[in-house]
Amino acid sequence: MTQQTAPPVVEMTGISVEFPPVKALDGVDFHLRPGEIHALMGENGAGKSTLIKALTGIHSPTEGTIRVDGVERRFTGPADARTHGVSTVYQEVNLCENLTVAENIMLGAEPRLLGGLHWRAMRREAATHLKRMGLSIDPASSLGSHSLAVQQLVAICRATVGDCKVLILDEPTSSLDSDEVAHLFTVMRALRDDGVAILFVSHFLDQVYEVSDRMTVLRNGRLVGEFVTADLPTAELVQHMIGRSMDVLEAAEHVVERAGRPAGTTPLLQVVGLGRKGSVQPFDLDLYQGEVVGLAGLLGSGRTELARLLTGADRSDAGQTRVAGKVARLRTPRAAMDLGIAYTSEDRKGEGVVDGLTVRENIVLALQARRGWMRPLPRKQVDELVASYIEQLGIRPANPEALLRNLSGGNQQKVLLARWLATAPQLLVLDEPTRGIDVGAKAEIQKLVADLAVDGMSVVFISAELEEVLRISHRIAVMRDRRKVAEIDGGGATMDQVVDLIAGGGAA
Amino acid sequence: MTNLLRHHLFWPVAALVALLVANTVASPSFLAITVRDGHLFGAPIDILRTTAPLLLVALGMTLVIATRGIDLSVGAVVAVSGAVALSYISSSPDPDSPGTVLTAVALALALCLLLGVWNGFLVSVLGIQPIIATLILMTAGRGVAMLITGGMITTVNSGPFKVLGSGFWFGLPVAAVLAFGVFAVVAFVVRRTALGMLLEATGINPSASRLSGVRSKTLTWTVYAASGLFAGLAGLLISADTMAADANNAGLFIELDAILAVVIGGTALSGGKFNLSGTLVGALVIATLERTVTVVGISPLVTPLFMALVVIAVTLLQSPRMRERLTAATRRPVATTPPEPQPAARPDSTEVKAR
Amino acid sequence: MTTSAPARASRAWKIPTRLDRRYLPVVGTFVVLALMLVVGGSRYDNFVSPAVVSNLFINNAHLIVLAVGMTFVILTGGIDLSVGSVLALSTVVTAALLQAGWPTAVVIPLAVGAGTVIGLAHGVMVHYFQVQPFVATLAGMFFARGLCFVIAPESIAIDDASFVSLASWVQIFGGWRMSSGVLIALIVVGIGFLVLHFTRFGRTVYAVGGGEQSALLMGLPVARTKVLAYVVSGTCAGLGGLLFAMYSRSGYSLTGVAMELDAIAAVVIGGTLLTGGTGFVLGSVLGVLVLGLIQTIITFEGTLSSWWTKIVIGVLLLIFVALQRVLSLRRT
Amino acid sequence: GNETGGGGEPAAADDGVITLGFSQVGAESGWRAANTKSIQDTLTADNGFDLKFSDAQQKQENQIQAIRSYITQGVDVIAFSPVVETGWDAVLQEAKTAGIPVILTDRAVDSDDETLYESFIGSDFVKEGEMAGEWVVEQYDGEGYKAVELQGTTGAAPAIDRKEGFESAIEGSDVEIIDSQTGNFTRAEGKTVMEGFLNKHDDIDLVFAHNDDMGLGAIEAIEAAGMTPGEDIKIVTIDAVKDGMQALVDGKINYIVECNPLLGPDLAEVAQKVIAGEEVEKRIVVKDEAFDQAAAEEALPTREY
């Protein structure tokens, strides 16, 4: 399928991008041919997003040339790139929540009537685009009312509107579940067959192998090489990415002690009939100390909502919560925190990072908030804490004073995780904690979660990646249609069993 | 050179220096400070004294702005404060007793704190947009001040109160000592405790802060209360300056001056990172600018035009775009070393299993 | 797994689309406005009469135009503090040029154009130099006011025949009166509405307010839109000045002091968020009417001293904002 | 009576009570407050008036609106102190059409059509400036006095007129204005501007302030600079509010030209005459006195404002 002979539609040579003092890209070459799906691989902070931004004119390279269709170009920005057929979906969802879905998709290529916008036609066209992506949401609804995953799909819809020669997808699948991913891949293949060149970034190696024809690997801002996917074994790819051999790669399979939960003791958290109108149907849930409970479900099945009720991020309007046997009212995140319950939101940009603060400040934020403003953490302690997390999670740049907004997406996620780990909670609710995190770090985080559980922390783990949930959980609660439909033991569960439950075939 | 140019206070300080130079050119003895009766005298001392109320108001404003808010009511609070204090003193049988004055001051400050709390309530509890929430008090507050004074200018003769306006401590004007002292204490508290960081977090991303357990509402409430209190103190200084409470004109447009001071000092109105030293310089720039208009002898007809040009010049020079230009012009070539060392130990594990 | 799509679909469509949440603040404003009319009508004779309502529009035509322009700027997440001064400048330019004998047909575009130019300068400062809108337009405010003084510190009467005849055009139908100013203002509102809702520029204004970075990454023309928003506001301020000159038949350098606050208040009362991205022109018009109505109530009350006037305005504003807040909060 | 029906014809004062709608500029100064008080205290029910009062907050549009509203309410007489001199033709024409007589107080309107209003009661700002200037010339001509001027709010009619009057009066003498800056009619700004003057010049002999408040501010500045106001630097102001008179008595101010805010009685008289159909003078200049120290001592005890 790959047209080896076709001249590249995008040809980048010797690209360097600097954010003094960091050199994010150093003399990188990159070629993208029409009719191929090209994966761009690398660890968090390797420079993938930067390369994309250099291409589309958001960052201007200090060196190097960019040719599109054989013509040397420096785009002035995404708008300019788009008019030359280069459409991009950036790493964070970059859409306008205040506009409708239809507008988000069609704005810039909107159908017109008498010189003005033709709203009806716009909605109609948007609906067809949505359908192609397998989404059946109301185009007239406002984007903000949809979950992040839906927004991500809408962003992809937007990129495919109009005629694009080059489609760039920076981690489009990070919050999609397998269903949506499959759909997306169908769309991508169809586009490829129409001759569109697709650049694809993902940290899911299986996805990369499934869909890409060729890959370029970056490490530390430098080019490692370009490979044909079929010819590159996974192990070698990982070695290229992280720069060392994988001898020590242990199967992450058994990171979790699968010993059954300590029976008989009172649950750390006991929830009875907790629910909220319009969000989650009342559910029961018990959480024991040292236990990892996974939440499985489809996109929009209500996992996030459930997590938010557990942690006081949203107020419940029914039911009761007991923490360590005592009735607790989790009306605010703060109240939950005081009881040792922590929550990392899936919405990294909106509810996670405080992007104008430094890495150090972001890490100590929750801890400091709990201590109150009058008792500042001693500087020395802060520095030690921060340094240890930077090392433990491999946050890069390893500079505590870097502004968070200048970190790569994956590294931001790590900082968030560090923020919550620093508070040493009794119960940690992780909503998509591995979103956008590279393979190495992901395994590290899984291991960390397992270790924490061994040390007695309870964890609620939500991930779009079912396999991850299966691997890590002692117990899995399955959600469907905003209802908790089943609870199964993680040890014995198989993939098929869970998938069955999720889709509604199993016992409800 | 580059570092100096890039420093966030470079342009505000440069503006201040330029203004002082302009003044000295127009009036060579401008910078001269003389000692009389053990007190310092001279234009720079005058400027310190006139900066005092503005500095206090700008201090509160900086904190409010850090949380993404704005406080338009400070001018009205200034008026209320003066009106309350002077009305109390003038109606008391013994305006010259320190007790009377202390009571008056306490009364005024308590009321202003209350007004600040009111603003905070509207913003943080009712969730009204700050500009409108404080607009309410901006309008009504001045009415209250006028109600207290009956629309007339209340004048008092009270020795202890006059100290606030024209007394000296340590050779320096009391107003300046007070304002700079309060400023220093607040700056110290904000930066030495975690308050500053929590305020910034609230201003940058309120929902993330909430989820991190920051008591954003309480913080927001606190800064408005503080702003009210500082404005109240400023009101006392202003009324003590002329020993008169002018409900109509005291603190008129001081909110704009304060916001301008904050912005000149490099704090963004969009909230988040704030910069108290910048605010200090900003307040000095504005007070000096006002003095410059007189000393250089700019006709009142062109004064606003002159002010506009200075503000435009300072803000343009300070703008990110200009900074880039300037630093680009002076930048040394960047070292081509790799960004940072590899993290020491990196567990080489991955999940490569197919689904 | 194919079951999931239809299942999801049914859920998505089930959510009742009674009243879009976005309209709630505007509806809230409208309800409170109606409430105020009813209360006023029961309290004062003659309050709810065609004459009073017509006057509400006639007296506030200029403010309506300002509010329309301000809506554009605030929707992009900016603010324009200069409108009061630019309005004054426009009245002064109009009056001074007419006094100098220039023909009306030349003076009008010049007066409006002065606003446009200042708006353009704001746009350039805000976008290209990344000066904060508050400061850029504050400087613009001083600048325009300064220019007024330079042109003419004292007030200038307008007695140019053609201008006066234009200004005094009034249409009367059964107690209702419509002046040329109101007509122009309504046309501006109409244009503002159409532009915001039926042009790409208009939608981009919303997009920029929703997230400038996002809009940029979506490939929308952010620069042009932002600059243009200030140009629109400046032009509206110029036009507002023209209307004010028609209304007062004079030009005066101290006109419109703090009028920007009225305009901002009107826009915000009308349900537009200062952070940008949400709001409607029609809401802003309602906001102006609310402010005008407060003023009318003050006049009808007839016994308020100067200070009680201020206090009552504040209290009415408070009641208003709180009510509107309560009404638009009852959503989920 | 308190007729509110229909607008149109003014309800004649058949019950003997005159309904008078008064639109005040605002409450920007103590002078204005005294002016308002005088009107409110005079036009009482006891005196046969039903006063409708509104404060325009220094906005012409509010004032026009108030006048329109008075027309709709059908008051007997409209009186107002215009915010600005120009721009009243349209609304005054409306009042005229409705048959409601209009009386101006304090400030004039600039209109070619004098029939739009019945009478204008108020001081002559130019004259005030002249009186101040004449006194200065009379006292200090020949001594080469250097004067500084504290102007009122830029663009405001009293500021423009008083400046003009003062300048014309000192023309030909050797009194020289070496600097002039606005103090916005307030004490605080009067003080800061005076401080600036004192930094800049060391040969100031005289301060001419457009109102007492700025003069009082200047006194503070002069005292703070270690000089004696009234002696080292002479001070001449306009207004004659109580605080100013006190300073004059204390010798800190040398001369004050009165600007009388007590327009209530005059207004009441004119309104009654107009309703009764009597002829009134188009221009009633309120008698402004001028005070030196001796006169002030005499007047101070009975000073109302």
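Structure notes:
Think of it as A, B, C and D in the order they're written, each chain with its own count starting at 1.
Going forward, a residue touches a chain if its C-beta (ideal position, glycine included) is under 8 Å from a C-beta of that chain, and two chains touch if they have at least 3 such contacts.
Remember, it's a predicted structure, so these values are computed and weren't measured experimentally.
Both chain A and chain C are touched by B. Separation of chain A from chain D in touch steps, taking the shortest path, is 2. Between B-D and C-D, more contacting C-beta pairs join the chains of C-D. Rounded to whole angstrom units, the spacing between the C-alpha centres of chain C and chain D is 34. Distance between chain B and chain C, defined via averaged C-alpha coordinates, is recorded as 30 Å. Remark: chain A and chain B have CA centroids separated by 42 Å (rounded to whole angstrom).
Shown for chain B are the residues that touch two or more other chains, namely 146, 151, 300-301, 303. The set of chain A residues touching two or more other chains comprises 178. Counting partner chains per residue, chain C has residues 149, 153, 305-307, 309-310 touching two or more of them. Under the touch rule stated earlier, the contacting chain pairs are A-B, A-C, B-C, B-D, C-D.
Across the complex, chain C meets chain A through its residues 1, 3-9, 11-13, 15, 17, 20-22, 194, 197-200, 203-204, 206-207, 209-211, 213-221, 277-278, 332.
Of all residues in chain D, only 4-5, 7, 21, 24, 26-27, 33, 36, 40, 52-55, 57-58, 60-62, 64-66, 68-69, 72-73, 84-87, 89-90, 110-112, 153-157, 160 touch chain C in the complex they form.
Per the touch definition, chain A reaches chain B in the complex via residues 18, 20-24, 26, 178, 205-206, 209, 220-221, 234-235, 238, 242-250, 252, 313, 332-334, 337, 343, 345, 350-357, 361, 365-366, 368-377, 390-391, 394, 396-399, 419, 439-440, 442-444, 446-447, 466-468, 471, 495.
On chain C, the positions that touch chain B within their shared complex are 125, 128-132, 134-136, 138-143, 145-147, 149-150, 153, 261, 264-265, 268-269, 273-274, 305-315, 317-318, 321-322, 325, 329.
By the touch criterion stated above, chain B contacts chain C in their complex at residues 72, 122, 126-129, 131-133, 135-147, 151, 247, 256, 259-260, 263, 268-270, 300-309, 311-312, 315-316, 319-322.
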